[in-house]
Each structure stands twice: as structure tokens, then as C-alpha cells.
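So the structure is just underneath, and the comments pick up after that.
Going in written order, the chains are labelled A, B, C and D, and every chain counts its residues from 1.
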Amino acid sequence: MLLQPPDPEGLRAWMRDHKDMTLTRKVMSESEAVRRFVREGDYVGFELYGTVRCPLSVVREIVRQGPRRLRLLGQGLMDVDFLVAAGLVEAMDITYVGYEAYGLSSVLRRAAEKDGLRLIEWSNAALAWRMKAAAMGLPFLPARSMLGTDTFKHSGARRMKDPYTGIELALLPALALDCGVIHVHRADVFGNCQLDGITGFALEMARASKRLIISAEQIIETEEILKRPEKTAIPFYLVDAVVHAPFGAHPGETCYLYRRDEGHISGYLAAARSAEGMKRYLDEWVYGVPDHAAYMRRVGESDLAKLAEEKGS
Amino acid sequence: MLLQPPDPEGLRAWMRDHKDMTLTRKVMSESEAVRRFVREGDYVGFELYGTVRCPLSVVREIVRQGPRRLRLLGQGLMDVDFLVAAGLVEAMDITYVGYEAYGLSSVLRRAAEKDGLRLIEWSNAALAWRMKAAAMGLPFLPARSMLGTDTFKHSGARRMKDPYTGIELALLPALALDCGVIHVHRADVFGNCQLDGITGFALEMARASKRLIISAEQIIETEEILKRPEKTAIPFYLVDAVVHAPFGAHPGETCYLYRRDEGHISGYLAAARSAEGMKRYLDEWVYGVPDHAAYMRRVGESDLAKLAEEKGS
Amino acid sequence: MSAYSATEMLVCLAARQMRGRTAVFIGTGLPMLAAALAKRLYAPELLPVFEFGGIGSTLDRLPLGVGESRTFERAFAALGICDVMETAQRGLIGDGFLGGAQINAWGDLNTTVIGPHDRPKVRLPGSGGGNDVGSLCWRTIILMKHERQRFVEKLDFLTTPGYLGSARGRERAGLPRGTGPYRVVTDLGLFDFAPRTKRMRLIALNPGVKTADVVAATGFKLAVAPRVENNPPPTEPELTTLRESVDPQRIFLKQSA
Amino acid sequence: MSAYSATEMLVCLAARQMRGRTAVFIGTGLPMLAAALAKRLYAPELLPVFEFGGIGSTLDRLPLGVGESRTFERAFAALGICDVMETAQRGLIGDGFLGGAQINAWGDLNTTVIGPHDRPKVRLPGSGGGNDVGSLCWRTIILMKHERQRFVEKLDFLTTPGYLGSARGRERAGLPRGTGPYRVVTDLGLFDFAPRTKRMRLIALNPGVKTADVVAATGFKLAVAPRVENNPPPTEPELTTLRESVDPQRIFLKQSA
């Protein structure tokens, strides 16, 4: 029933065989990063989510390249919508796909109600803890959430009685992603990353990803990393690709840098209400631009500058 | 067999009833902090360890006040030595008590070889993970360490077979401390703490402590905390006391601030070789000074200034 | 007294349920309004906690999402989701806010699907942090629009635990001891859970609402407390604060309850 | 060729065993010297990892402890013990260094007690990170002073797993697959573990040492490889680097192996 069953031994062997513990330059275009590290059938996830520090420029490139039969970590908004609407998603471990204050995801509704998209249910903590379990090199983590509900029944979690206290626990199976994509404030060319503000589930996803694409607002000198090693949230050896992506989270926000683009988001939500509108949106903003640089030109330099200016508003 | 058995429900009730979620000034003298928050029979622990960012000024105050029958987290050097030599320790969850490059702890040797001090064995990761389990609100964490050894047999860990993969796991019982003491670079009066350099097991211990004493090199304005909330390693609501302790880790180091005092450490190690020497050391440097201010005067202002000057050497 | 909307009544009533000296786990939407209103008027020491890591935001400006920068604006700490959820699991979070498309008599909630799970009539967002808040916080306050098709005998899907269909349901499931729904706040009234049965019970009516109205708008057999109080309408300070300070752009206030 | 000490021979021999393109888990003492020497001469890309969180220190200046600031001097990251240990548990740490007061034929180590546990003749420091390194790293390199009372048939206490007393011992205990001791480096020679039995086996002799010397200094039945190589003595570059750059104050070098 699990979309991605736990396999700590397999993950250990992968890490040994594929992670480069030496300094290698990893800066590349979003196109190269996606071509090399996102494959048909992969289990993929993005961090943080839709409108918040989300690597949407990489998501758009995935949609353009179109690897099929993806399985997805279902914590998101546009990130999930784009891939689902493009027909690339086979199944999803879902915790929350929706627009918070702005209501339901029309794309998810069509996919679930009409197309029968396969959805496995989890709580938000459960999905984060599942990645944490993989990050810890474990097959599972116990938890006191999810118990007694249909959410539990429609997940792949199990139960056990704690041998020390007799307390009933949910056992959350470790979730290692085939490819994780995380948007950060700063990275050096080797992939050492600095993050500002809340960390969401970036630390856990970075450590639970077999392949990891970093999308960074800014590429900084390694000297800056060495000066403040405590600021490194994701060390280089976890990273496979570094994509320079200023405004990479547009139309969402990146804290301290730019605010979300309410106009664009409202326009998107209106478009997404129908399958045709969604198609037109993707044609204009995803398929219709070759890369993130072109996307930024389409949004417009002055509009982006305004979002940056209004970051504190 | 466990010195401090896991009790997630008891810990939840404690947290609900004792942790203050509102802003309260907690700055107090080391004497008041120890009087109010360290009690006879407590399970206590210190972070980081002996010669590295260790709250030794608070340890010395504990020795002066002398609460008996303490159970101890056995990761340390002078911190452990002082309490054991003062006869305050009943038993210890030990992972490592020794002087690294400088060899064995004479105090531990006498206590174990002559006085039959009760010692429960753990690996370093196991003790950290046990605190992490408590910090997570869980009764245990699984681990792939400790298995197959006498360390396991002399610990209170159990085994289980992972239901997902069949892998054999050690189950490490959660360890919640009655009182934890952590030395940090900066704290505000409410207990919001900033740490530089490695975090050791500070994050885990802070969250696994029923009572938490913070010893801080510097008391900073809350405004500084609010400016960089991502720098807060320990939020105020975990903290019961904030003790201002410049050079609080002497004769150990606090990174970026002052280096360890090799002369003092060598002198201490020579003294500790005999019970009499140890008693003389404690008389001079612990019992013989009323508080940390007097201790610093005894070390000497110019010597401390030199350690600060040579921090990078 | 000004005219006020059902949403405004709901938010004011919710704000009045909040204790000051606790941490409150805040989800998107009306709970943010209620928490911001409470922090300004009734519970200045309330500690707002957002699931993706924001701890102690002033709520001076309303976040549109639970991960936005406003959730850690002038905050004490910006942590991550695991730390926040583990803090709740460890027993440090007093109150949590919840809502849903359906609720049953035990305060169990559905935010997953209307209709069957494999081919739903309406696919809702899913649990999100809801299940965690309902499992791990000491008490939850549930905000609902009061309609017969929302207050149902049987949920289409039990996303988030209330008392799990019986007085000992949470205990049997293994959820943390002493936890569970505390109040349900709706546009019609205020509800608690009867100590013995843990079934929802009307304890106070909103202005102009009669017990019969509430019973009629409830799809399960509703218990009524021996004495039913009357909730005062929103006060001038409440309405002014809500409209001019909390949500001046009416982003949430313009939505239906 | 300069005169050199047994400790210097040991450190040089250990440094020669290190691979460049891996992370190495470094404990206190001689492993620090060996890693620093290897990083300067043989394996510049070696990534030093210290258990309390230091990742990628240059090792330009020798730390005296595994948590000291020199363990993250000009480092890529300063993390905590859980992250480092979980990184090892997840399979990212190639090599680990170990040592001990006693070792048996399967590379199992004792750093806990000489004599019975409840009333030891000598109380040693305990496992520290040793058990974790021996459990979780892909391969370990063990540094030992070669004496008959240290190379024993039966350990007083099995602190850290080698092959756990049999060819399938680690597997039976549930330790991660494909892991275990790789080499034992002593002042007398170099040892591997026979593929079938996982018992320690002499593969190379230090200068001036004969197989019979090694057998006599070993308290268990020592296997000898079909062909025993000769370890070259420390080279001039090794000795110069070690003495003038790695440990100019002879903090570790003056200690016995």
C-alpha cells in the first residue's frame, strides 16, 4: 500500500554509492538539473510549499520536461497543481493540497473527483516525521498522532504498543524521496546552503532525498560559508545540483526577500477553476517560456522589483 | 534497571503544569537558580561537556549547595568529576567520562573501582537519541547502534524487529532530565538563547529537561532575538532560569570567545590523581569561593583576558 | 450596537474562549482572526504557534498562510515543523484551533472528502496539521458554520480525532491522556462536550438564535445543557478591533463562516 | 632515514590506509594525527567529521577534543551530535577510527572496564562514540598498541562491535549490512580480517618485526595471510609533516602508541 516503502539498507547503499563527499561544483541550469536528477516514475517532493519559499522555477521546468508517472509528496499548492494538471502524477501521499485562505484546489478536485487520482492520507506532522525517519537512517518513527482515525486507515502506518510504558503508538514508515527540491536563500557552488526564517521541513527533506536539487536565490562565496559554519542548514554532500534562481518562488514569497504576488495568485486561481483555464495558464506561464529567465521577463522586472521592495508589507 | 524510565504522559503533564508560556524575567544568580531548580535525588545533565562550552560555574555552585543522591548523564570531564568527587552522585548513565587526549578520569576510576559507583552503559549517540526521544514526546527511539554488545546488555535498551523491513533495532528509552544545564553564548532575560558553533546535544537536552537552567556568556536585549528569530536555538518557554556567567565554561573553552586554560586543566588533572589532591582542588576552586564572580577574581582578570585574546589560537 | 456578520460573531465568540497564558496552535483562516483579536483584547500574553515553525508572532499583520513570513514577524523563534509538532506532542501547546467540512457529535472532523474516498463528490484539502492538532494539543476549539449537512450523524471520513465516537474513544486509540475538544464555536452558539458521554452539548446561544433553531440545524441528536446561556453580540471594541486592526482588508471577514 | 618512534610508525601506517574521497569519523588522539597527516599527504579531499557536529575542518590545527572549536575551524558546517550520528546511520560516513584497551580476533573492542563491570580493576572511559562508529560507519580502522594483554582471546567487556565473535555475528545482531572492521594498525604491523572467518589476519609487518614477534604479542590464535608484505618505515615527508605541521607541540606524539 505504501507508495515508497522504507528501505534503510537500500538507502545506505545509495548514499555510499552516489553521494559525493568531496567538493565538486554543482551549479547548473534548471534544465540540466531536472534532466539529470528527475526521472520518470520518481517519488518527488518540494519544500517549503506553494506560496512560501517553494522552488517553483524548478517545478515549472519539470512540467516542461514532463517526466511521467511521478509519485508526489502532497504538501502544496501551485507546485502540486502544476504537476497534476500536466498529467505527470500517478499517485500522491497527501497531507494538504489547498489554498489556505483562498479555499480548495480546483486542480486537485478535478483529479480526485473525475480522474480518480490515487491519494494516500497522512497528517502534516506524519509526512514530516516520515522524512525525518529516513533522514535518521531508520525504518520508522513512532508517533502519537494519526491514531483512531480514517486518516490512519488510509495511510500505510502501523500500530505498536510501547514495550516500556504500554502506550499505543503509530509507526510511521520512513520516506526517502527519489528527488527532493528545496528553495534556499543562499548556496555556494558546492551546495552548502543557508536558510533564513522558519526551516519548514527543509532539514528533513534534504537528508531524506536520494537526489537533491537546490534552487538558490543567491550563489555566495564558499568563504561566507566557512565564516559561519553554524549557518549551514544543508551541507554540500547532500546536494546534487545547485540552480541559481532569483525570484525562484514567484508567485510565492521568500521571506526577507520578496512578498507573494497576490495579483498573479488571484489570476492563477481564477484560471485554475476550469481545465481549459488551467491549460491556458500553463501554456502562458510554463510551456510558453523556455526557462526561468524568460519567466521573469514575462512577469516583468519592475513588478518583481516591487515585490522585493514590499517584502516587509 | 533504568535510572530514569520513560514516561511521556508524566512529561506532558509536567510541561503543561510547570512551563511558563508567557514572558517572565528569569535572570537570577547561580545560587538562586541551583537552590530553586536542582533538588536532592534529581537526574541532572550538562551540555556540552567538561572542556567545551560547559556550564562549569553552575556545576561548582551545585557542588557548593550539595544536593545528594543525584543521578547523572555521564558525558563529561570536570563537570562529572566535581560532582562525583563531592559525593553527590548515586548512579550514572555513562557514555564517556575521561580526558580525551589526556587520558582517564582519576575521579571516575576511584569511584568505580573503590566505591562501586553504579554505572549504566550507553553509546554517545544512544544518550543523545534518548534525550531526543523525550524531546519528541515519545517513549523511545529506534536505533541501529549498540546491538550485539555488552554495552547493550549493560544498558536498559530493548530490541525489536521492524515490522516494515524485518531489520533488528535497538529501542532506546526516552530520557527526560529533572534538570538540565546548558551554557550558551547569548540569552535574553526571558530565556531565548542563541548558540554559536556546533550545537552538541543542546537542542535535545533543552527540550528533554523538566527544569532548565541556562548559563549565558552574555545577556542581550530581546530586540536582538526578534531581529533574527532563526537564530533562537532554545525558545524562552523551555527555560526556568537564566544565569549570567561570563567565562562560565572556564577552564574549558567557549568557541569564538575564549580558549581553554591548559595550565589550569593540567594543574587540575595532576591534583585529581589522588583523593587528597582532588579535595584540595575543590577546597580551593569550588568550596573556597562563594560564587562565580569570586572564582573569576581567583583565576585573575588578566589571565581571563589572555584566554579571550587567544581564542583563535 | 453595529450590525455584524455571522462570521464576525463567530470570530468574537472564538476569541472569548482563549486563555492568555498558553500557547495556541493556529491554522489558516478564521482561527488567525480569533487569535489576533484575543491577543489584542483578552489574552495579550497568548503565544501564537504556527505549524511550519513560527513561534510568538505579534499577529500585527494577518498571515495568509501558516508558513508565511508574517507567522514569524517579530517572533521569538523561527523553527521547523518537526520542532513545533514535537513541542505539541511533548505537551507544551495548550490550545489548538480546528475547523472542518463535517463534524459529528463527538467533535470528530472531516476535512478530507465528501463522498467515498476513492471517488469523492468533493475532494477537500486533507488533514494538514489538523489531525496533529486534534491529537496532541491539550484542548481544541472547533470553529464551524452551523448547517445540518455539516453537523452529521456519520462523517464521510474521520480526518481528525475529537472524542472518536465514544467516551473512551481517545483512550482506546492511545491518544495522549486528558486531551480532546473543549468548545465548538458556531454562528448559532457555543457547545461543550458532556463530561460523561463526551457528546456535544449546547451551552450558549448567539443573539436571536433559539434552541430549536440549533437542534434543527444539527444532523445528530444534540444534547442541551441544563442551563443555556446567551452569548452577547460582538461588542464595539471587538468589531472595531476586528475591522480596523485585525483584518482591515477584509480578506477573511468577507468569507462566509 | 630518521629515527622514529613506535607511535610515529603507527600514525603513518594508519594515514596510508585512508581513502581520499570519503568522510572519516575521527575520535580523540592518534586518529586525529593520522587524519591530519593523510589530509596533508595522501587524501586532501578527506572530509573530517567529528561527533559533536564539526564537518570538514581543515585540521590545520590539532583539536584536543572532539567538540573543540578546532573541529569546526574553517569548516563547512557546525551541526550537532544527532545529525552526525544519523548521517552515519544513513550510510554517508565511509571510514571511522577506533581504538581500545582490548581487542579480540574479530576486532571487537573494549573501552569500558578491565575486570568485572560491577567492581572493575580499571574503569575506562566507556563507549563514547566508539560503539556508534563501530556500528554505523561502512568500515573502521582500528589503532592499537600491540601487546599480549591487549590482543586477547576474550574481552573483559565488549564495548564496540567488530565482527562480534563470528563470521555472521554482525548480521545476526542486526547491524547495518556490509559494515565492519577493515584494518587493524599496530606498532608491529597491519592486519585485515579474513573474508570467510572474519578473524584478524596479519598482512604486513612493520620494519624490523618478524611474524613470530607478532604471534607472541597476540593473545589469540592469529591468522597469517599467505603473503605477508613489509610496511615501509615512515618516510621523510611523513615524519616532517607529522612533527612540524601536524603536531608541532608533540601533544599526541609524545604519548605511547
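Throughout what follows, contacts are C-beta pairs under 8 Å (C-beta built on N, C-alpha and C of every residue); 3 or more make two chains touch, one makes a residue touch a chain.
No experiment lies behind these values; they were computed from the predicted model shown.
Colleague: Going by the contact rule set out at the top, which chains touch both chain B and chain D?
Modeller: Shared contacts of chain B and chain D: A.
Colleague: Go through B-C and A-C and name the pair with more C-beta contacts between its chains.
Modeller: A-C is joined by more C-beta pairs in contact.
Colleague: Approximately how many whole Å separate the CA-defined centres of chain B and chain C?
Modeller: 40
Colleague: Distance between chain C and chain D based on Cα centroids, please, to the nearest Å.
Modeller: Taking the average C-alpha coordinate of chain C and of chain D, the gap between them is 58 Å.
Colleague: Centre to centre, by mean C-alpha position, how many angstrom separate chain A and chain B?
Modeller: 37
Colleague: Between chain A and chain C, what distance separates the C-alpha centroids? Give it in angstrom.
Modeller: Inter-chain centre distance comes to 28 Å.
Colleague: Can you list the residues of chain D that touch 2 or more other chains?
Modeller: 54, 72, 78-79, 89, 136, 176
Colleague: Quick one: which residues in chain B touch 2 or more of the other chains?
Modeller: 8-9, 137-138, 143-144, 167, 169, 197-199, 229-230
Colleague: Chain pairs in touch?
Modeller: A-B, A-C, A-D, B-C, B-D
Colleague: Can you name the residues of chain D that touch chain B in the complex?
Modeller: 28-29, 50-54, 64-69, 71-72, 78-82, 85, 89, 108, 112-113, 117-132, 135-136, 155, 157-161, 164, 169-170, 172-176, 251-252, 255
Colleague: Spell out the residues on chain B that touch chain D in their complex, using ranges where they run on.
Modeller: 48-49, 51-53, 74, 94-98, 100-102, 104-105, 108-109, 111-113, 116, 119, 121-126, 128-129, 132, 143-151, 154, 159, 167-169, 197-204, 253, 255-256, 259-260, 311
Colleague: Using the touch definition up top, name the residues of chain B that touch chain A in the complex.
Modeller: Against chain A, chain B makes touches at 5-9, 137-144, 158, 160, 162-165, 167, 169, 171, 173, 195-199, 229-230.
Colleague: Please give the residue numbers of chain A that touch chain D in the complex, ascending.
Modeller: 8-9, 11-16, 19-23, 134-138, 190, 192, 207, 225-226, 229-230, 232, 235-237
Colleague: Help me check something: in the complex, which residues belonging to chain D touch chain A?
Modeller: So the residues of chain D touching chain A come out as 20-23, 45, 47, 54-56, 72, 74-79, 86-92, 94, 136, 138, 176-178.
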